[in-house]
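Each of the next two complexes has chain A plus one more chain, namely chain B in the first and chain C in the second.
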Partner chain A sequence: MTMVAMSHVRKAFGSNEVLKDISLAVDPGEVCCIIGPSGSGKSTVLRCINRLVSIDGGEVIVDGLSVTDPKVKDVDLRRRVGMVFQQFNLFPHMTALQNVTLAPRKVRGLAGARAEETAMRLLAKVGLKEKAQQYPAQLSGGQQQRVAIARALAMEPKVMLFDEATSALDPEITGEVLGVMRDLAAEHTTMIVVTHEMGFAREVGTQLVFMDGGVIVEEGAPRAIFENPQAERTKAFLSKVL
Partner chain B sequence: MLLVGIVGAAMRTSKSAPARGFATAFAEFFRNTPPLVHIFFAYFALPVVGIKLPAFVAGTLALVFYQGAIAIEILRAGIEAVPKGQFEAASALGLSGFEQFRSIVMPQAFRISLPALGNNLISLLKNTSLISAIGAIEITGVANDIIAIRLTSAELYLTIGGFYLVLVFILSGILRSTEARLARYGT
Partner chain C sequence: MNPAYFPALRDVLVHGLPVTIEVSFASMLIAVAGGLVLGVVRALRNPALDAIVIAYVEVLRGIPLLVLMFFVFFGLPQLGLHFPEIPSAIIALGLWGAANGTEIVRGAIFSIASGQSEAGAALGLGWLQVMTTIVLPQALRRMIPPFMSLFVSIVESSSLAALIGVRDLLEIVRIKVENDATLWLPLLISILFIYFLINYPISIASQRLEKRLT
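Moving on to the complex of A and B:
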């Protein structure tokens, strides 16, 4: 079954049509990378998937649940969808460990000890076991983003969304975050990744989507698109970023 | 006072229009009228509609409403200063609205608002002197009684000033150390 299926999704903010008829299917284990110029609607696509924005038309089905179905609760969707933001958005008044255990305790109802056990395993996985008791302000950007990834993973989501997870980082430390994302891909985590890291999209992505002006201009196998883009707009964009 | 502030600020920033309207009206009314009027109202006017309160209770209630209204506005500003990304991250994790407010928004808003809330608490302490106007027992009230007996008023009001100064000094100290403790996690 398809993990995330968007069909003919439309979204406008006031008179600004941000998504115009977006259709996209992501199967389990796939790494779908979305590239495109700023303002093309990439973040909005991700936000439609976990209902951070509501759609005006079309349909989004996540693991069998429709985002437009009023019987589907927000929490049902959000347990299935982990999200990592450009600005990390860690909770500054909580330690790394508390950031990771909060949602499992409050949303999944795990006991404190169980939640901490899982959290420590995830912090170890992102290479930050020894930083568990630190507050976000005491961590570097790359470390904060890795904690944010562990925090999202702690909900055991079916699909992970990454919204420019490395764009706020200094170039020399993007690698530690991309490394964690590569590890997740290698474990066949289903991922939808909005990124400007063309190397990651090319090597790790199983599917590539190029968006511009609220439409999907081109999609297909990453290698094929990078080597032989069909649409003029794709060619123009790639010649600028590569 | 803090309770009024927290509940009021929650309503003031909630999605529900009636809750927002009520909290706004409450805060604007009590904030923009003198506390002495509230005290007189609670003590002298409420009995007219059958609510008879002892002087101390009436006075305290009136002050809690007044300072609470100020606390609502302070905390509202604090809540609005919490970055939008915090709400988004909390929503994306599946936290309920109440849980977001309790675990994510309020602790941060509280920290942002702490200096202003501290001043509000100090002003509450000082305004307790107003309750003497309706004859309830607090420091100034006791002083008036004593003056009526024998001491000169200058001596007494100086002593009273001293008492308040000491109390405010202690309170400020506690507030400062709380701020320092909360500053631990930076940003």
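Moving on to the complex of A and C:
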């Protein structure tokens, strides 16, 4: 079964048509990378999947739940979808551990000790066990983003969304975040990754989508597109970023 | 020194000071509670509720506080609503404080980056959970300095209550000078000092609190 299925999705902000007929299918275990110039609608695609943005037309089905179905509650959808933001968006008044345990306690109703146990395991997984008691301000950007990944994983989501997770980081520390993302991919986590890291898209991605102007211009196997892009716009974009 | 000064000052302190403190403190509580509720309502971004809260805030901030106090004490009885002097003063000052408190709370809530509530929502937290666990704890810190200045204004403005007959610091002074006008200056200087002694700790507490919460 498809994990995330978008069909003919349309979205406009006022008169600005941001998504025009987007169709996309991501199967379990796939790593779908979305590339494209800024303003092309990549973030909006991700935000339609967990209802941070409501769609104007078409359909999005996440793990069998339709985002347009009023009977599907936000929380049902969002428990299945983890999201990692460009600006980390860690909660500055909470320690790393508290950031990770908040949603399991409040949303999944886990007892404090259970939540902390899981959180420590996840912090260890992203290499930050010893930073559990630190506040975000005491952590480097790369460390903060790894905590944010642990925070999203703590809800045991079916699919993880990454919105330019490394774009706010200094080039020399993007590696530690990309490393965690590679580990997740190796464990067959279903991921949709908006990224400017072409190396990651090429080596880790199982599916590549090139967006421009609110449409999917080209999609397919990453290697095929990087080596032999079909559309003129894809060629122009790749020649600029590669 | 006028020998009548000390007994007069004694009465000012024993009878006037508790009343000034009672009126001010009760009004502060209403200002904080009302401000929190209405400020959070504003964060709902519901057009109808927004209109009501905006109207309340603008009307209460747009009329002189003394007129509001007269309205409550002299005006409302004609509508069948009678309040004694002290409750009237507290209602007027509290409602005025709540209007200002609403703007303080709203400003602090909207100053928290939208990415914070977005991250909370993406984790599955409901609107109220996002508000109480993510936004308000951060916004609270930013509310402290403006709330402390509001408290200082409330203490100062509580002296208006003398004009509807509340026997606060100022009113007791006015009563004491009725028989001896030479008491005006020493008693006024005395209560200026007392107002300062009430307000100065508020400023200090504000600075302490702000430091502790950063």
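Everything below uses one rule, namely that the second predicted complex is superposed on the first by the 242 of 242 C-alpha atoms of A that agree within 3 Å, B and C clash if a C-alpha of one lies under 4 Å from a C-alpha of the other, contacts with A are read in each partner's own complex, and residues count from 1 in each chain.
Quick note on the criterion: a residue touches a chain if its C-beta (ideal position, glycine included) is under 8 Å from a C-beta of that chain, and two chains touch if they have at least 3 such contacts.
Quantities reported herein were computed from a predicted structural model and do not represent experimental measurements.
K.L.:
Which term applies to chain B and chain C once both are placed on chain A by superposition, clash or fit?
P.N.:
clash
K.L.:
Touching A:A119 in the superposition: chain B (first), chain C (second), both, neither?
P.N.:
It touches nothing on chain B or chain C.
K.L.:
Kindly classify A:V180 by the partners it touches after superposition: chain B alone (first), chain C alone (second), both, or neither?
P.N.:
Neither partner.
K.L.:
For A:P136, is the partner it touches chain B (first), chain C (second), both, or none of the two (neither)?
P.N.:
first
K.L.:
May I ask you to decide whether A:V75 touches chain B, chain C, both, or neither, giving the answer as first, second, both or neither?
P.N.:
A:V75 sits against chain B and chain C alike.
K.L.:
Where does A:V9 make contact in the superposed view: on chain B (first), on chain C (second), on both, or on neither?
P.N.:
Touch status of A:V9: no partner.
K.L.:
Just to be sure I read the superposition right, which of the two partners does A:H93 touch: chain B = first, chain C = second, or both, or neither?
P.N.:
In the superposition, A:H93 contacts both chain B and chain C.
K.L.:
Thinking of the overlay built on chain A, is A:V204 touched by chain B (first), by chain C (second), by both, or by neither?
P.N.:
Neither partner.
K.L.:
Would you tell me the residues on chain A in contact with chain B in one complex that are also in contact with chain C in the other?
P.N.:
50, 52, 74-75, 78-79, 81-83, 85, 87, 89-93, 102-103, 106-107, 148, 151-152, 155
K.L.:
In their complex, what parts of chain B are in touch with chain A?
P.N.:
So the residues of chain B in touch with chain A come to 83, 85-86, 88-96, 99, 103-104, 107-108, 111, 184-187.
K.L.:
Considering only the defined contacts, which chain A positions touch chain C in the complex?
P.N.:
Touch residues, chain A against chain C: 50, 52, 74-75, 78-79, 81-83, 85, 87, 89-93, 102-103, 106-107, 148, 151-152, 155.
K.L.:
What does chain A use to touch chain B in their complex?
P.N.:
For chain A paired with chain B, touching residues are 50, 52, 74-75, 78-79, 81-83, 85, 87, 89-93, 102-103, 106-107, 135-138, 148, 151-152, 155.
K.L.:
Give every residue of chain C touching chain A within the complex, in rising order.
P.N.:
113, 115-116, 118-126, 129, 133-134, 137-138
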